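Structure record follows, encoded as structure tokens.
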């Protein structure tokens, strides 16, 4: 039998807390899971620094990737025999689902921001480069790796296949909402996925939803909305991310500073600092490696790097206040000067972070470069965009609620010796509104 | 107000997937959680290598420790105003609950086995040594650290307090059964904890259970039984542990071998290899550090160390067969010789592992050195040991079901060039019974 | 000890699938539960005819009443010691919570509609009349029954007490949303009640919500919205209700028709038909009694009554189509005439039902006679009405989405002998849009 | 297309709280559900009087029957294409599953006991008699009704088919354990059904379980054990059943007593009292009818009937004490005399009830007339009976733990005027052990 069509002697299952079981019958899928590139995802947390806010959120991208695969598998079971569905695309869909996040690195969001990287670029490279994953895909079919890469890049010709993996209601999102809710323990993030799978219908160039399932989809959009504000944009998580970015930034500065000698050389980071990261370097980096450095850099000579690493490792995070950099330019400038005066380097210790920088949206139907909107299949056969049919979705779609916060080390303020300056700093910071501490 | 009695301005909560919320009102508890020694538990997995069998099991001891604290907190709320309960012991109980696992290191079970360590020893040292945790406890009350250490060591005079933290039905076990079930996703591990908490009664020297709650306790014992066989003793998990032990063992041999030069020196392991681990060394080791070494040792010159690390990181585990070393001594010796002949070092690649080596029991009422058995409080006021009242518990108590398995690298066998030897090895190994692959 | 303050020797619990346990410590509460008037609620379904759509919805108002009591009990535990909270009102709140639905009759909504009754009127009568419930309340304190009645009637002076039982986020609604979701099995209806209870604060004249809990409240409002459209307004349930109303209407007509003799006299209905229902009559009616009549009336001589009863008992419901009586007056008149022509009495077999007739709203802050809106307690101490702070709530509040449907017996149409008329009837009915059958 | 093979245009689903969705695709199944005989099961509670102990247990046999059908449907999906499985039997299995409880009457257990009826007899009659159900089955295939009846009667030749519906681990039990746990809200009754379904294998004459699934089956057996002792044998439920039996017994006596005239004639019970119940009579009786009589009989002249009905309707149950009629014959005789002396008729008010009378067992492999035991399919292909492989099952199997209780109206004792007799009665009753009141 062709390797591509080879079935396992007996179906294998993974016990999964979210989907109960993940079922694998295809040899190709089984072999992909066993590759070092895929196993590496066990060492990348799904939610980056969120575990410092919600202690349950310690789950990895490995978990999530299996989950996305399983959802696509179930969708395709429902598609069997329906018009528009080409069963020849089955394995392609499953592989793309499994591998769609393969390029994620440690604390992706922060690394991408500081080093101007793009995990999607690395997903492509891993699939197309000299890797075990590539070998398996090519063994399945000559040119198959490119197809998988195209689906993930959304350039594959059959847009129906693409929409399973990335659209406004794709398997990726359905998995992460449920999974992140499960592990954080929040009561949001639940929706009736079984019902949604039942009302999904393949069309020429996209998956659509039978109109009778509209309320289930509304519930899914609301879950997203709640998860973003309650979990993904949580200001404490962002505080940890701010520190993480500043560590990377500081280490890079020191690396380029010929006068500074690291006690522990940033070997694994070199190519990141130099801006020429090769696939091989990229694959070697995982969160175990990164925290190794952070752990040891607590004993570096540079006080800023030392302090930031110590903060990250021991969860001594920055406090925050609401702060609008546009309307509060004067305060900003005054604070900047005061921090400089009392020798707290504002480049590292006075940071504005805006939620709009974050890679999430709950539903934006019309925007450019956006994922496909959700279309309802009406009883008369016509398609209608969701937000035109649902009041609730219309109400939240496209709203850009930016949430600016100013992060700073509250504890350092206490040590400021000049009483007038100390008082003024506190006035500006705490006077802005009530200070909130979470956890 | 005394620091010991200080309450937070407003109660803080942690969102917990198992207990919904963990509530903190005492300043001392809040401060203990913030110490580096306690935060370090975030970098130690609760279930060691189990995540390689059940991918959801990525949760840390930090999680579990908060959970044990929360259960004790709830028990004490129920105890308020009951006879035998001395409310002066409240903070002591809470601290002991929170800190009882503080001395766990990375992959505890394997490290303890290879290096003859004892995590309880380190728990004592961290509480009594020069640490942030100790400072907080002593600030609460002179001599308080010693009390907390005594409760955890079970030597504290008030055995009622001890039994909350360690007995056959203590908060520790009630948390881990539920938590491990939640994160692995198995359907075992559930019991009606709320009911058990309602029927717990303080007595002079132990917590007892009102007889009307017997069925809830039976259910708890059964959960334990099922969790041990389904999760804790899972042969795939043990396969990963076998490899881990062998890595440590090999690295130690190479360290003492003056002819070998490490590409990456085992700096963090030195004191472990030398057998003189100081508290400071111990605290520096976490699972991030350990996997850093394993990751890099994949490029060591020594082929055994290299291969074992590569197996561990990429989950290329050993296969296993049922094997009783007592009754199958001849096969064992023949295999040992065959492995040696074909240059697969049997010291590292032919390993018998027995479940009785594992640190779990489900219920052994009478044995020496054993935790306190469970006593039922009968309607007439007398106490009766659980297994004398419950058929089910009697049926499983004290049964030592040892499960021996022989682990070996199935893939290496395929490369054996001598066809006769290869055939014979397979005969002995696979002929022993059907080979099982899980996941 | 005063009866009012009497505590049970040991706390009693009811196992409850929604709140896990319902706890009772007060003798008064225990005695109220044991009264015939309260036990009668076991024979009144919480959701009327909904069980014909969602087969799990067979739960009674007894269940729900215990649930509301339990939620209020938990709220008051959180209120202990807070400003504005007068602990003297505790028992009053608990009694009002327990008894708030006492006046519900069988299939309340239909009975109230057909006979112009009001269950709140009967709740008052049962509490104040010559009943066991009244005797217990008066034994607790002279005049206590009146106080309980006032709280339920919302006329009690302390509006804080009133708002616990009836406001936009009262214990009543929090219980029924969760309970109805549990028993129907739908995935809507979940929200984080524990969190909401934690952020509730007593104020002078109402319960308010700390602003940090806004998202949990949004989630609760959304649950309501989804439950209304998915469960409470479900067109199949309404079809059963239409038939039920028509049975009552027909029996009344026959009762007043001196030429008709019932095989089974409507003894229990007499006072309802005559419009002079006494408390005693009212209390004797429950769903067992009602279905007894419907069951036996399947053998009445009158074909309409017979047919309708047979439909109700065997769930042969009317079909429905979208139908706007305002814009489709012509079709309506034509249908009416056609039905009459073919001897299908349109008074019973051609029924328009509108969702706006139903006693539910999801959130209408400003309207007259409306329950108190939800106020958020902002960090600066001011109060702000929820829909002014939440985009989502604003989006759905006050929207009156009326949903008109026309119900008719599809099966009878098939038997119409005149082919032209039959064709025309189908044209109008099925041509209106695609016919939908659920279950 | 043949009616037998006819598929619905689109799959229909029922929302089910236990199995999430019940899926129907066969026209025959859809039509069977719509019959009056099947709809009647909505008016028969699954757990009889249990709702008086666990208020959530108000679910009907309609619910359960759909559940059993759904489980068999899922099992058969897994069987597709396996050896030994004859797919021609599919519809037969589904029909037998759906209809297996069709003959249950109101409060089955009590009615069967008092009137010496057998619900299985009526299931046969309904399937084979002049009913809508029969018509549908015969329309599907001539002789099909007999086949369905045979499967339910366990006499069908293909014992594999029989074992799906009735064996020690059949769909019936798997549904009711989970369903009854769900509705009562107890934490027992959970097991990993999905796993059990995955390890079920069809064999020539039975369904067996792959040995790797043994622990899941143990868990199922334990669930059963716990459900029996915690729910099904609950003494408060039995108290209500005792009263129910005594009502029926008393009414029968009065019916045969020519001197007594009923205010409400027991029309529906006549044939039951006379011992010649026809199918037509049987089908007319449901729990609505029964409670109608009980409700009205509260105003009968006979004080015993009146009192018992009033107790049942208002849940004024008998109290109970442990009582072994074998060893306590003297007390029994003395009590009997005392009751007679003080004019409390012991035939109705002094009742011994034994759990061994109840129609439940948790696991009895060898007994005569017993359901098929559970066989494990070992890796080497041989079959082994479960209790020989599992310590736990062995421990509880075949154990007949009889639990005798004496029920009596505690409140009437208080009214006994003779102080000596009153004291003595209490001595015997309450002196027997501590009296327990539940709920």
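Per-chain residue numbering starts at 1, and chain names A, B, C and D are given in the order in which the chains are listed.
Simple rule for what comes next: contacts are C-beta pairs under 8 Å (C-beta built on N, C-alpha and C of every residue); 3 or more make two chains touch, one makes a residue touch a chain.
Worth saying up front: this structure is predicted, and the values here are computed from it rather than measured.
Visitor: If we look at chain A and chain D, which chains touch each of them?
Guide: Output, common partners of chain A and chain D: B, C.
Visitor: Please tell me whether B-D or A-B has the greater number of C-beta pairs in contact.
Guide: Of B-D and A-B, more C-beta pairs in contact link A-B.
Visitor: Would you mind checking which chain's C-alpha centre is most distant from the centre of chain A?
Guide: D
Visitor: Just the number, please: Cα centre separation of chain B and chain C in whole Å.
Guide: Inter-chain centre distance comes to 52 Å.
Visitor: Rounded to a whole Å, what is the gap between the Cα centroids of chain B and chain D?
Guide: About 44 Å, centre to centre.
Visitor: Could you state the distance in Å from the CA-based centre of chain A to that of chain B?
Guide: 31
Visitor: Which residues of chain A are in contact with two or more other chains?
Guide: Chain A, residues with two or more chain partners: 20, 186.
Visitor: So with touch defined the way it is at the top, what topology do the chains form here? Options are line, ring, star, complete, other.
Guide: Per interface graph, the chains form a complete graph.
Visitor: In the complex formed with chain A, which residues of chain D make contact?
Guide: 13, 20-21, 194, 198
Visitor: For a test of understanding, state which residues of chain A touch chain B in their complex under the given definition.
Guide: 12, 14-18, 20, 34-36, 39, 42-43, 51, 54-56, 58-60, 62-63, 66, 182-186, 284, 286-289, 291-292, 295, 313-316, 439
Visitor: Please give the residue numbers of chain A that touch chain C in the complex, ascending.
Guide: It comes out as residues 186-188, 190-192, 195, 212, 215, 218-219, 222, 225-226, 229-230, 379-380, 391-392, 394-396, 399, 401, 433-434.
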